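Quick one: the structure is below, questions incoming.
Going in written order, the chains are labelled A, B, C and D, and every chain counts its residues from 1.
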Amino acid sequence: MLSELKERVLAANLELYARKLVIYTWGNVSGIDRKQGLVVIKPSGVPYEELSPDKMVVLDLERGHVVDGHLRPSSDAPTHLVLYRNFSEIGGVVHTHSPWATAWAQANAPIPCLGTTHADHFYGPIPCTRQLRPAEIRTDYAVNVGLTIVQAFKDLDYRHVPGVLVASHGPFCWGKDVHDAVYNAVVLEEVAKTAYATLALNPACKPIPQVLLDRHYMRKHGDQATYGQKVF
Amino acid sequence: MLSELKERVLAANLELYARKLVIYTWGNVSGIDRKQGLVVIKPSGVPYEELSPDKMVVLDLERGHVVDGHLRPSSDAPTHLVLYRNFSEIGGVVHTHSPWATAWAQANAPIPCLGTTHADHFYGPIPCTRQLRPAEIRTDYAVNVGLTIVQAFKDLDYRHVPGVLVASHGPFCWGKDVHDAVYNAVVLEEVAKTAYATLALNPACKPIPQVLLDRHYMRKHGDQATYGQKVF
Amino acid sequence: MLSELKERVLAANLELYARKLVIYTWGNVSGIDRKQGLVVIKPSGVPYEELSPDKMVVLDLERGHVVDGHLRPSSDAPTHLVLYRNFSEIGGVVHTHSPWATAWAQANAPIPCLGTTHADHFYGPIPCTRQLRPAEIRTDYAVNVGLTIVQAFKDLDYRHVPGVLVASHGPFCWGKDVHDAVYNAVVLEEVAKTAYATLALNPACKPIPQVLLDRHYMRKHGDQATYGQKVF
Amino acid sequence: MLSELKERVLAANLELYARKLVIYTWGNVSGIDRKQGLVVIKPSGVPYEELSPDKMVVLDLERGHVVDGHLRPSSDAPTHLVLYRNFSEIGGVVHTHSPWATAWAQANAPIPCLGTTHADHFYGPIPCTRQLRPAEIRTDYAVNVGLTIVQAFKDLDYRHVPGVLVASHGPFCWGKDVHDAVYNAVVLEEVAKTAYATLALNPACKPIPQVLLDRHYMRKHGDQATYGQKVF
């Protein structure tokens, strides 16, 4: 069942590990088959060295039931599902506790767009969700995490800002497929580290002007993209 | 004698090295056989590349005498023994000078719980011991280090906060076995680094609310744990 | 066509990757054949693992047209060409988003010469370009980036300060050949990191005196250089 | 000539590189044969990958003349020789531009003893030399660097503080042999990094009390040392 997607989700999880965004069993990547309405996700608490395609867990998008696999899904699975249900064009979701992005999340601060590395990948600041209320933490916690992410994108296009900081927690990223989602998670960590150092050097540093943000983001994305070997 | 435990203690010491928590001969891991009342610990001052199971040293828990092995035990052995005597459910102890945890220890500051990475593993702030008095430093120093750790846990459950910062020194961690103790030492270093960056970004950052701490800690620990593949 | 230069430009691009100045497809190195007026540059958006000599792109210096190769050149190619046209003795150009140099660029701050590591390689502060005007961003952006670099060197000798920070963007470096340009990019990152830490330790730290700058720079460069195995 | 010492000096230089204290051709290690009054040192400006025993340079201690080898010695050789002449018990000298120690040197600040990692290896603060005067920079510069180090140890025992920060430059370390000198350089970098983080967390942090410094330093050094497998 979904053997190709399982392979790709496995490879994406291993890439998180190889790129040092996660240690031990931390972090998780999922991918979706939109036609079948099925999501493939990493099992909970299994070390990266022991992962194999048959250990991936398949959930149905609608209700979150396990429809294939003999292990428990990642405990963050309900958050992934909320993102797939609300962000209709995404094909992959990544969650990590990568240290620099997590520091911004714990600081409860959005990452301002301070340079072109950021602008090449995220069209504006990377938002930080609001704190959950006690009742939202006590019941359906992982679902409510997802809902605060969706709220944070009420006036934002998730396709152009493919990541978020969950307050006091850490980053979630997404993309058109699992590889793209991992790529965005790696870039977010790089951007988070560089923004930290920038503000330490110059606490008064302002975000780049809109015209520069437009130039860089549009160079890589959209109809008139000129970066890379074909128009995306 | 205790050949399986020696193998596991050796592997745990090597894992410290592989995960870059220690350099040269720094750091040490021990494990205990509670039935026999015997502790296996790394020898003092031997480089990690030269360690082998037969170089491990066996001490009796009660009096700290060497009962097997031809090398001197780690000079921190008396501290390990105090922990085993007072924290009756622990199976392994780890000491490192990992840089971020050591920075907090040198700053004489407990690590506040600023996010869910911390809350997943430590149920509240990670305490810092009081400074030793001159007389405690001059006589039975390594024993007294252990006793200040025990004091720091007078009103704390060592099973739920499996690590401590020894003031002006560095971290000690423990766990149900040696692997678990090493895991906690790795997590502590990650938490220490991220807390540092968080406070640099937002010096006014407050600890997470109790309800979020409960949710995350209980998700991974205790009777109703839902993380991983079985209830621990 | 230019097969030897293609090999060297490829090797220089791979060295950027091996030395961790770039991730994924980021960064680019070019080299020039001054006699033929031809520049070899990395293609746009191709991962480092997939690069080969035949994927390098050849541009004519004068007009920037592709004269060999089947892929699009790096989107920063126009900036490289401006540098080759204005800095007549350089043989290689490197652009990266290496994190510490990028942090200084995003902070819009030149890197002061705080020590001899800097003085060994850059004869004075490493300048930061002025911000581009909106019209300069909207049209011929990559050319205008190059022109602001040239402006920043109006009263500076590019041969003795072989690198620059492009405001809100990142570093460009150059050298007598591609290897030298990569070397300068690596040194710039090291200098940027150390200058950051120096000012964090001592915010009042002043640049080194001219006599020390002269001594160190002249030891490695110029007619009376005594460093290395021959006079450069 | 001195083939065994050449091998050891080569190995020590390579260890600097393997432990990431140096890049490219930076840094240098020398060792001395006290009986013959001969010093073996790395050649100037040769990449680490190209070093071999026969490329090591032999100098006579007294006058600094090359007595064996076909390459120029490291440009820091005169500093090494001053140290060997004045610190009669040292067997090896190491110079690096390792980033954290260099940041302290550039900040012109001694590293205070903030914890036991420091106290285990350096008996008190690690001094920073005074700035050289213009005349001292213009003539016999590398000799004068050595003399300011000797001055900094006028009231300090070089055997118990085996390293120094040269103001605006970087660290020099030494030891009873070349391996010991490299070890001290690695420890200094670790101590420099941790002290930086400690003061960032707690700017009011005071040095540890003398009694703790004594306890830790004496545990590893001197007649009553108890660390390791024999008394040093």
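Simple rule for what comes next: a contact is a pair of C-beta atoms (placed from the backbone, for glycine too) under 8 Å apart; a residue touches a chain by one contact, two chains touch by 3 or more.
Please read these numbers as outputs of a predicted model, since none were measured by experiment.
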| item | value |
| --- | --- |
| Given subunit C and subunit D, the chains that contact each of them | none |
| Chain labels contacting subunit B and also subunit D | none |
| Chain copies touching (subunit A, subunit B) - same or different residues, decided at half shared | different |
| Distance between the centres, which are taken as Cα means, of subunit C and subunit B, whole angstrom | 46 |
| Distance between chain centroids, defined by C-alpha means - subunit A, subunit C (Å) | 33 |
| Residues of subunit D whose C-beta touches two or more other chains | 200 |
| Topology of the chain contact graph, where touching chains are joined (line, ring, star, complete, other) | ring |
| Footprint of subunit A on subunit C - complex, ascending | 23-25, 43-46, 71-72, 75, 97, 99-100, 102-109, 131-132, 134, 137-138, 141, 168-170, 196, 199-200 |
| Interface residues, subunit A side, partner subunit C - complex | 114-117, 183, 186, 190, 193-195, 197-198, 200-202, 205, 208-209, 211-212, 215, 219, 226-229 |
